[in-house]
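The structure under discussion appears below in the form of structure tokens.
Think of it as A, B, C and D in the order they're written, each chain with its own count starting at 1.
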Amino acid sequence: MSKILIVYASVYGNTKKMSEAIADGVKTVKGAEAIIKTAEQATLEETAAADALVLGSPVHMGSPDWRVKQYIDKVCAKLWMEDRMVGKVGAVFTAGGGFGNAGGGCEITLLAMMNNLVELGMIIVPLPKNTPGYDKGGIQWGPYGRTMGEKMEQTGITEERMVAAHYHGIHIARTVDAVKGKEIFSGRAEKVLQK
Amino acid sequence: MSKILIVYASVYGNTKKMSEAIADGVKTVKGAEAIIKTAEQATLEETAAADALVLGSPVHMGSPDWRVKQYIDKVCAKLWMEDRMVGKVGAVFTAGGGFGNAGGGCEITLLAMMNNLVELGMIIVPLPKNTPGYDKGGIQWGPYGRTMGEKMEQTGITEERMVAAHYHGIHIARTVDAVKGKEIFSGRAEKVLQK
Amino acid sequence: MSKILIVYASVYGNTKKMSEAIADGVKTVKGAEAIIKTAEQATLEETAAADALVLGSPVHMGSPDWRVKQYIDKVCAKLWMEDRMVGKVGAVFTAGGGFGNAGGGCEITLLAMMNNLVELGMIIVPLPKNTPGYDKGGIQWGPYGRTMGEKMEQTGITEERMVAAHYHGIHIARTVDAVKGKEIFSGRAEKVLQK
Amino acid sequence: MSKILIVYASVYGNTKKMSEAIADGVKTVKGAEAIIKTAEQATLEETAAADALVLGSPVHMGSPDWRVKQYIDKVCAKLWMEDRMVGKVGAVFTAGGGFGNAGGGCEITLLAMMNNLVELGMIIVPLPKNTPGYDKGGIQWGPYGRTMGEKMEQTGITEERMVAAHYHGIHIARTVDAVKGKEIFSGRAEKVLQK
């Protein structure tokens, strides 16, 4: 059994919908379990117990919501200190309006979260451009749920814009299957959690 | 008289069109001259003589065309060594298909060029979101000429997608007016070009 | 009179020391006032009243402290919505251990904050490499106060590591002098704060 | 047998030394072969035949050498078009002076190359902080061979600064062992090379 922990922040519910689309994809993979938590809920124990950590955030001022960073600083930083996430699987996703027809800042938002996962020593799952639904909802770093149309009309995240997120979930669970239990990193698991 | 040097690479002519839209904006500012060069043409002397350097590139694999980087490495690196671009004005722009509805990699492309300008010690002009035309053609780092529609049909860069680029040219020329000749940086102009 | 607002987060006091070094530089410029606030203190009114916003953070997991992002999301986002920071001056700084002899994540930390300032439509002041003290305390994006030596021994931020920060303050205040009151951006000041 | 292709550019030989340190690590893993090519040598066929692509560059103006980008644009872009690198393993490394005590621009240099690999749809191997030698030669994105001391004296890349690179090679080869031949990405290998 592999555990995929999806941690997100959401204001209007769009990033929440994206997290559910990813979880739906995860669940189609045999033996994979998806756990969804908000950035304010997710605990150190849950994070340490996960085989994969998937971070999601709306685009806020071109970077992740402060609550995602609070989770990184308060929960993940302790696990970083003890190298407890090394060799696990990491991935990211986002949602936002897309003002400017250029992603509206989604790229640096995704990159910022990926940077945090890379700091943790995690193996990163990208979103290849031949993923089903990529044309409607993604860039190289991960799925992007665009919530507005080109004329800035509110559309919400349509079904077709969540297809790539669904497949991202599948890819993540399969990557866990491939790397879990393998001896990859030299220093892995050399340290244990201390009070 | 202020000189705004626009250096670009282009394959299908879209980034070239963007460079012309910026130049048109520059020319509306009294006393401002726009010089457009390809990355392969632009010389050290032209670059050193400019009051502003504006870099443009198509999105290629999520980053600038190699010819733009060649210009940075072969021409600008010498000026960097001698601190000759310090305190001048810098800005960036790009063009690309937009596959994925998320800017298609334009954000890191713009950022990569801005990073090179920041290395040169240049004062950076952003693209504020209240710039006319921003909704059709830009993100925070600069104008983005999207060349395809949401269904990935070839549209080319339409007129409305170049409006922000036009204003970017105006903003750049005005910033030059504001900072040119001012004593801002401590080490400015302390070194001269040596053979 | 120009107002330079320095907003920072600090855990061990190193970033605080950096903010004071920048403020000391600001104060050497005639007519320039430096105001230092923590990210939790700084209000919307103070931010709106400033001519320059300087953001500082320790390197936490390769990106800014969550409290800096909280300030961006809760305070600056409102000013972004109303375009009230457009055309003002922005700059960044950081502090951190430097584990790995490669800046320890300072570059993306600085970039993340600069990205937020660029979203606000601010003119960016870099740290040119000929700035006094650059060799001991900075990269292109801004000053970096390294708090440990190459052997990871705690050194704190020494005086020589704050020289670049001092000059950064001078450069910021001088850039405000150059651009303040100038008509640069097309949409500047078109909107006013609403209750 | 797995093939790890290391593609680099080098001016003074430092990045070349780093590529050899990585290759030495690769070779300690049973069944793993390391192939080293310069960015100007590496062909489409060699790249397509590799199980892992490792990119290395000196820090030039805060980003990769133009020849690395030329390789990306001329060779890898064709493979991207046909999704032929999807699901393979990617990793990065760099070398540079370190002026400023802040990595000297190595972080964005590494990130730029990683971005290209992510565009290709590759699974990314980070450099966890508990990797032997991390304290002397790396950040989260990968190994960094610092070529100068804190006083900017030329030191070249010392042995101790290449230890992390050696282990990076081991980690990359082991990740290939874990993911090679696994069905991870939905669209993988759906297309074939066309003339």
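One rule holds for everything that comes next: a contact is a pair of C-beta atoms (placed from the backbone, for glycine too) under 8 Å apart; a residue touches a chain by one contact, two chains touch by 3 or more.
Keep in mind that this is a model prediction, so the values were computed, not measured.
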Contact tally winner between A-D and C-D is A-D
So which chain is the furthest away from subunit A, centre to centre on CA atoms? B
Interface check for copies subunit A and subunit B. Shared numbers divided by all numbers used: above half gives same, below half gives different; which is it? same
Could you put a whole-Å number on the gap between the CA centroids of subunit A and subunit C? 29
Which whole number of Å gives the spacing of the CA centres of subunit C and subunit D? 33
What whole-Å value do you get for the distance between subunit A and subunit D if each is reduced to the mean of its CA atoms? 24
Among subunit D residues, those touching two or more other chains are 62, 80, 105, 108, 111, 115, 118-120, 129, 140
How would one label the connectivity among the chains shown: line, ring, star, complete, or other? complete
Could you list, by residue number, the parts of subunit C that touch subunit A in their complex? 60-67, 69-70, 72-74, 76-77, 80, 105, 108, 112, 115-116, 118-120
What part of subunit B is in contact with subunit C in the complex they form? 80, 83, 86-87, 111, 115, 118-132, 140-141, 167, 170-171, 174-175, 177-179, 182-188, 190-191
Counting only contacts in the complex, subunit D reaches subunit C at residues 62, 98-108, 111, 129, 134-140, 144, 146, 150, 152, 161
